[in-house]
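Okay, so here's the structure we're looking at.
We just call them A, B, C and D in the order they show up, numbering each chain from 1.
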């Protein structure tokens, strides 16, 4: 069979031209699936080939038509999709899972069982045991299991990480991250179908805001600093209209090497739209990145003029970052391009696996099932701390 | 034959679901073609189906492989592509033309002749007569002929236009636009293949900077203000290293109703990357948009607090703009999404034509061949003014 | 004796013209004294008339010469200054106290005893009992005792407070404030005379960063929200080079009505210079102010375009704020002008007292000894919480 | 007589402590006089000692009371003031002239004749011959004649100039400056007394906007670039409500070495408050400064990360700039502090002259009568160009 990667490919900086597009299946019928599908197509590494877009077959077909799927590849369930696709010669190479949280585990298992690579939304599962089971399954099968911490795929986030890991800002001594949104302020938004499940413990899990955007924040902080979170203390609040789960969480945190920090996430912060901001301070300098101005990375070395690095080629942008660049400095990229980066790296990982190759760890920054599992543990720790009056809990 | 648009479609605010993806051909092998192809795929309205990506057949195939084109649809010339594709039952519905400027005319003609819709880069041609010929041909054939003034497809540029046309800022009394880039500062960049032709009068035409980014600026100013430019006086400069064509142009301008303005374009402005900024001032207020912060539109009504409208849903974003929105406020979109908007509107226009329908003018803001033709006249006027010591020239 | 305020003055919006400049004495010889003295002169309500600028009489005279003080009004101690000045017919009307923290109490008492109004640096004292004693003394004597929470005197902070108190952002539901500086990163800065005392418990008190900038942050949050802090939990850190007192503090906080919040203060945050930012979120909208961009107030009402109010006249600036405006919108004012505002209000209060009048509470926003006392309690609570592992402590 | 400067002063970087405050007289009764008087007091080098604040003696006294002037130093005319003050042993050392433009010449002459140093508003005069006469008079008398181009006294403007002069951005190849205000949009503002004269040719001279803010822009561009403007072509407009003089001017410009540029000034640009922005582009990089964000200087060297230098000590701020710094980085200064810088340098120049010393040119950046004279020539050239249809006029 034709190799997907070039035969003599050496896992250097640039991503190679694949010999064919990979085939992606969509599990989940919401807006986030649509965003990711656009990004996957834009990346030019994927075609949308099949979907389990609703448990109602007629809805599934209607939504499939949006992606121009043939009827026979619009499935009424992920089980059916996994079974049938795994047997087709042109079956999907991989699936994205963007269902409500409580479905992630079963869906992911079904595809792993059928030898299909997975890119799953966060939080990975609503339960640590399930997360560990997915880790084990992945490890036993050798399949690719990505987790969609998409914020880590912005070019300037990658640049930030490289700068911190290089030691340019000295020893990390404070880590602050916040994800301050405002879209849950109006009461009527909570009645929308795509919002309701996020406030329903049976679907969203033990938390709402913490699991949904808190995990993004936690992953981003660790990704940029290169340090795992080791302890946290948290308190959760319902700051807006009454709801079953928290809309706000504040934390004090500790990272490897006893580095202190804070983490905040809320959906009741008027005027903060994207609202995701990470700041890493070190003994010599600091870096700061803000989702709303995602093209610019502040790098301040104490004693020197402040610096701003902007996505593009040259002007301080590192080679490892430039392979993710599509448009020049000053011509903005955004969230879909970040998703495109994730789907590019996922494509490389899937292609390598199918070709029987193992890329060296340094080559891909794709978040994996282990990262997803840490996120689930983070949620559990946050709940445990909150319920014990804000005591320190280790992760 | 199946209609592409829904049969009962009424050309309201939202764009409809097409019954099939349209097939796009690529003419031109450079980076801008790649950007547009990504965007077309991302829009989900287009598949990349064929290409004339180089006059060398082997290069054409190698580049075609990047878009996973079968060998028989990687053509060695646009003439061949036009002839062959027009006869295939699954032939391309439309082409994008992203060659060096001097090729636009012949390429566009070849596709028009073969009943294939066109989206052509600006400047439309290097010659007014040619531009008029394309206008006539388009008008006679009833084909869709879009011109890729992509800046007008940013959501917040659309919002700006709607605000100005609504009268919210009063009577327009000043129009300023600048496109200040810096990438031509280093001498070695000018030796690159994709740059060289831009400084060669045989390919780029009478101007370099004026035709390339000056026309973008001029179109944007007219698009947002709703006013045609009627007169200009210009002076051109080589501000950086010596070159055959100008790298810098300054203008004083007049628009319909004798509204005065200025226009500047340069590639020797260190620290200005995207560098495109438009400001329209009226008797009651003003709007300002800046490509580097493309998600935000400043709207200042005299006497009130300043306002910032950000792309997304609600919070003042107009319905006509919201149909172009993919991600929520604060989750950035960028240039590729703007291209995606252009390709969405181009798809709607192509689908309507193929279905035998004529969308009302108010429905699409796609720049057309007439706009391209105005751009060519703008270039000629700029040259004439410069050569006569900066005299006023009418357009 | 001539009244200082106009005889028929009615305590409306505008501040009146005084019949004479007031005479200010300086206690303390550092840079903050100089900043305040410049501001007092700029306000045009004060002349610098006397000083206790060092305990060495020769240094006191040298420093007095910087303010062109005659030798006989350059005192070697505040006790002498209080005694002598209170007996001069042209003695000082008031003093500013800008000594290291541990001197505030004795100095303030000396002037209160001699019937001289006081404007004292924060933290008011290093001890709650002392703070209460000053409160009592002030209340018994009827003297004016201002505390220099200067951040509350920026015009746009005043505007923020008025907006929040008016209910425009709905019910306050989150309060975040941070004061993130970077100047203590280099080790050598800690050896400077004006820094050393800030890290010496005998002078600075139980805390360094918390008392110095944490109290600014706490006051600002209460001032803008109109809510007292009721509880806090804190943890203190030495994030930079080793030192006797903390350089960093993180808090979770509660305000009246059980409103939750966070507070952070550090001096080890590279690239954060002024670094003071307050954000108040309510059920309908939010306000945000940032010291580094002090001329602009963000006011976001959910569902509407974002608003920016800029200091000046009109365009949404409230009348109570406009009386503090010196230059038009876009012509920046800064910290010294904020100090000038504080000295203007202090002048009004001093003039009123000397004229035997009591301005209505709504007329002046000058922070008073009670506010200073709350700051001391805040420090004590922070220490108590930190020492008990971050338990909740009430204020 | 006691020297004002220290006897052994060597004109190095830091400004010395004067032995006495200088005495300043105010000529002109408007808001700009008040701003400058505040700044002069704040600088700590000046006391306000006398004034000719109105031609009505009763108004003169009322306004004098605002500055706590004794009645006998509130003059009804500048002639009287010049005559009387020059004979008092405690007479003013210098005057500021902030009258309407047409009074500058006579007032300045009166004080020069009486051996009193002058700081005069721009435009210096309404007539080139008068400007030259003032130049000559100044040169013959050896008096200090400053002109209040205050924008050149912002610390970060000084930093910009030093950077450009050092060659860090290479050879200057483009100079752009704009001063875009919006306060003349409402018709009623034009009826205000302090505005009316600005639109009356008998008082304002041949131009309004050009002379008032255009000259600021022109001086700033030359100051930062280190290059004189040699030629211009201009067109003037009334963009807002009808008025006798222009409210808007656009120019193309040339500077020494045939460097091209543009200059724009208007008062009909909604949302632009301060609206003054200068950009100097060179062969290696560029600098950009914006009055509304006056604390930050953008310095972009091609190929490196963008840099932002912020006013304060260290972090790239040059020693010559630091002597003008009052508050640390991040604690904002503003326009009054810039005026304070001008008054500091004016004080140094006045003190030196009175001590019989001549500071070396490199020590002071105070704009002088020659700079004022260039501004008058700039206005004349702008009018001549406009009246001849925008022809090139040399300065």
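Quick notes on this structure:
Going forward, a residue touches a chain if its C-beta (ideal position, glycine included) is under 8 Å from a C-beta of that chain, and two chains touch if they have at least 3 such contacts.
Composition by chain, UniProt nomenclature: A, B, C, D = Predicted dehydrogenase.
Only a predicted model underlies this, so the values are computations on that prediction, with no experimental measurement involved.
Shared contact partners of subunit C and subunit D are A, B. The interface with the greater number of C-beta contacts, when B-D is set against B-C, is B-D.
The distance from the centre of subunit B to the centre of subunit D, each centre being the mean of the chain's C-alpha atoms, comes to 44 Å. Subunit B and subunit C have centres, each the mean of its CA atoms, that are 55 Å apart. Multi-chain contact residues of subunit C (touching two or more other chains): 272, 302-303, 306, 310.
Contact topology of the protein chains: fully connected, every pair of chains touching. Residues 169, 173-174, 176, 182, 185-186, 233, 235, 237, 239-240, 248, 250, 252, 260, 262, 264, 266, 268-272, 279, 281-286, 288, 298, 300-303, 306, 390, 392 of subunit D touch subunit B in their complex. Subunit A contributes residues 299, 302-310, 314-316 to its touches with subunit D in the complex.
On subunit A, the positions that touch subunit B within their shared complex are 17, 20-21, 35, 37-39, 41-44, 65-68, 181, 183, 272-275, 291-295, 310, 312, 326-337, 340.
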